[in-house]
Amino acid sequence: MKQGFYTVIENKQIADSTYLIRLSGDNSETGRPGTFVNIRLEGFYLRRPLSVCDSSSDTLTLIYKVVGEGTEALAATPAGAMLDLLTGLGNGYDTTVLNNNSRPLLVGGGCGSPPLYLLAKTLIRAGVPVVIILGFNRQSEVFFEEEFRALGADVTITTADGSHGRRGFVTDAMGDIKYDYIFACGPEPMLRAVYERSGNIPGQFSFEERMACGFGVCMGCSCRTKYGPRRICRDGPVLAKEEIIW
Amino acid sequence: MKQGFYTVIENKQIADSTYLIRLSGDNSETGRPGTFVNIRLEGFYLRRPLSVCDSSSDTLTLIYKVVGEGTEALAATPAGAMLDLLTGLGNGYDTTVLNNNSRPLLVGGGCGSPPLYLLAKTLIRAGVPVVIILGFNRQSEVFFEEEFRALGADVTITTADGSHGRRGFVTDAMGDIKYDYIFACGPEPMLRAVYERSGNIPGQFSFEERMACGFGVCMGCSCRTKYGPRRICRDGPVLAKEEIIW
Amino acid sequence: MVDTKVTLCGIELDNPVIPASGTFGYGHEFAELYDINILGTFSFKGTTQNPRFGNPTPRVAEVPGGMLNSVGLQNPGVRAVIEEELPRLERVFKKPVMANISGFSPEEYESVAAELSECEQIGWIEVNISCPNVHGGGIAFGTDPAQAAEVVRWVRRAAKKPLIIKLSPNVTDICEIAKRCEAEGADALSLINTLVGMQIDLKTNKPVLANMVGGYSGPGIFPVALRMVYQVYKSVSIPLIGMGGVSSAEDVLKMMAAGATAVQVGSANLINPYACRDIIADLPRVMEKYGVGSLRELTGAAHR
Amino acid sequence: MVDTKVTLCGIELDNPVIPASGTFGYGHEFAELYDINILGTFSFKGTTQNPRFGNPTPRVAEVPGGMLNSVGLQNPGVRAVIEEELPRLERVFKKPVMANISGFSPEEYESVAAELSECEQIGWIEVNISCPNVHGGGIAFGTDPAQAAEVVRWVRRAAKKPLIIKLSPNVTDICEIAKRCEAEGADALSLINTLVGMQIDLKTNKPVLANMVGGYSGPGIFPVALRMVYQVYKSVSIPLIGMGGVSSAEDVLKMMAAGATAVQVGSANLINPYACRDIIADLPRVMEKYGVGSLRELTGAAHR
């Protein structure tokens, strides 16, 4: 974990109430896919956790949905502004369990997809082919379809109302795909459906929970697992499929 | 009273921890000498009251001393920033009691002098000659000596340590002057000394008190007078000499 | 079209927003700023039998999250209120006003309530029981269930208007006191009055307030107020008026969801004289945002 | 050169800054960030007899002025603390640590205190009496003078270390409880624990916390905490540890002027992991600014 100040390079709407923010600062701790940062916003006591969507040596990209006052304030932050971030939070996805013969399936729901971008990039760079299903409610919410394709991933989009890609839920698209490992991130009902739909296939699921500290000291974000209590912010947000209790 | 947003034109140090800030905005209520404004500062719950030092059709000038966190934040406010002000607060000095034959003496102490500037200006414009004594602790605290002279006022400066002007307190300089009315503003011990030194000569004294609203509704700033309780923010800050109880 | 109307003890209010006692004077300073008839009503400055100057100054201070006051119930006394303030108010405010009263003995409460009960302009009597009982060791009536009940008993006899008891939050169990007040015949409860707080000036190392301690109000007390409204809603069946740090239309909705029928706004008026006007103007937008068609129906939603 | 040393129950601290229980874990997450030996000491997470998961989530929420938590004392139990956490701590922290303990019966408090008393690393035992008494109708020990006294009596027997009782602020008269704790043999008092608060989510109209209510901490409780430290200082003669919203070196000085011998910093650690390091680094500057040569001498200055 590191604390640092980041400069907003750009902050733009990319879909229905969905924004992409690019930041420049010390990225020594943002490279692991599935980790998150915790952002301090003027006038708010607690920080706001957001997953790393992409990270290069000098640029950090986050994608967030405006759901309340904090994300509203973030959306109003202009380029040039400075933000106080804690970076390198959480365990992240463990990609060492895969090899070039692995056939992982990545499944993302709504604003749960951003961390899958850095994950897909990391896997593809390591020579692992990536198939990904991204679920949204409607066309106007879809983002990053092309960006995932540009990485070389095989992308399926589902929308609940059929306005873009395939009609239905991510799980409806899962039947057509052959995979031996699963990575998922999204709202809990989606995670659970994916968990069940994927049967015995092993995988890693990324969770969200209300947080205070985000670095493991307040016990605000605990969840029960088969191996005892885990802090989503430090022992997670990624849990191995076999430890999850719903 | 009016609420309005003002743009900072300039904000500069003019003496030891003393700043002059010029603001542009709606000045329809800032023209009466002895009235004050109440400034909202980001991050502070209560507003900060400051006397009008000068007011023209488009520029409002305030002079303030940095004494705590609020005035510290104000001193750090750059040109171009916007400030939320309540203007036209307080009764102000009543200048209708004077005429061209009046010989008023104005006495100011430290950061109590600012409101005397607009008062002096108003009196001189009305043809009333102005004699003014300004007291400070030391030379590095002195401000506005030339500005008062430029108005055409007869200015005496006193410093407690004699480093500028006459050594001693304002009251030490009062004996040399002939006057038939007195206006005073400054710390309470000074006001009291001036009150006593000026004997039976009538006058008006401007007071400070901790305030919440600044416009007469919370009863936070009351003081006792010979005619009953008065709110410094609305019935004051100027009290007629004959009503004052020490 | 959203419906902001609520009914408080049989009197319909255009909206639930009520400036709180002690932050709105007797109304006329605000009437110079905007048409105060847009308010649900307002609660006037705590009025006692005799004129009071209150405590020595400094009697306000700033704290993180709000302010402290130790005004000590400065008011011109009930006769001056009836003879001067109410006639003056009548010219600018056409709605029933809420009379906030205080006393230092049950008898004083009773007699102030009796006098104000005769005034047609007054819609409700709101009894501030956070005052010290001068004959009871100086502890506040509102912090002792038996003493609180005694005040209600006395005022109930005298009050010919709906009777609202305003509770102190500085207690171990506010529900117990609420129940006692209900049992003695209170028609509604207001909560909360200020928390007891302090501020110290490091330049002198002394408390800022001449009175040492003072009442803490403003956004910092909102979580405590919301919790107490929620808890008391479960304990009594009379209507509640929620207050404590309310500063926005969102806060009004939260108070109502927790159980309030109407909402008072205090300190916010002091730092933004247009606070209540702005909140009322913002209510329809916020109601639409959160899908609230009728405010009346929001009361207690958090319990359902 | 300013002197930041203070003495707490016979143990000298390099400075009065102590991270508060529940906001510093068992120390090692912070030890990865900075050398925690710069601290006066720290108070570890409230420890109970058996491992506890605590309350259902969501169990933290944001409020104006701070946060709410209803963690519900998640901890690995006293045996794991002694066998795993303390040995791990020993490698990174060379000073006596403060053991914060909790229980749901006087017996549990006693036995946890007895076990931890055997640990050399432990300098003080800090007893959190804000837990519900499961055999006493579920109200918190700390809100009832008799039950508070009973806990102190049991723990006093078992504790072979200086005994600090941590008071709940959710009471009508904190001085009464403080005096009872002193009479039962407490060596010092910590105050305050969290105020009870609530937050509502307008998207659902429900309380944010699964537990409905939670403990309110952060800058918004500072005025209440400062007042309580000031009042309790007058009521007892044992040392006080002040806390509640402390976020800066200025706040530390204010707490000490009000009567605290040492000061705990809680929520501030959660939003700025370097909060305590920063406060300690800033102390000399602020002491010089306000002319404080020795912190030790500041304790109680507001009373003189």
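Order as written gives the chain letters A, B, C and D; numbering starts at 1 within each chain.
We take it that contacts are C-beta pairs under 8 Å (C-beta built on N, C-alpha and C of every residue); 3 or more make two chains touch, one makes a residue touch a chain.
Please read these numbers as outputs of a predicted model, since none were measured by experiment.
Chain centres here are C-alpha means, and the one lying farthest from chain B is A.
Centres computed as Cα averages put chain B at a distance of 47 Å from chain D. Our note on geometry: chain A versus chain B, Cα centroid distance of 59 Å, whole angstroms. Our note on geometry: chain A versus chain D, Cα centroid distance of 36 Å, whole angstroms. In chain A, no residue reaches two or more other chains under the touch definition. Counting partner chains per residue, chain C shows two or more touched chains at residues 63-66, 203, 219. Shown here, the protein chains touch in a chain-like sequence that does not close on itself.
Interface note: chains touch in the pairs A-D, B-C, C-D.
Chain contact summary for the complex, chain C toward chain D: residues 63-66, 68, 143-144, 170-173, 195-200, 202-203, 205-207, 212-213, 216, 219-224, 226-227, 230-231, 245, 250, 253-254, 257-258, 290, 298, 301-302. Taken in their complex, chain B has these residues touching chain C: 1, 3, 40, 44-47, 68, 86, 209-213, 215-224, 229, 234.
Across the complex, chain B is touched by residues 22-25, 29-30, 32-33, 45, 53-54, 57-67, 69, 71, 74, 203, 208, 218-219, 267, 269-274 of chain C.
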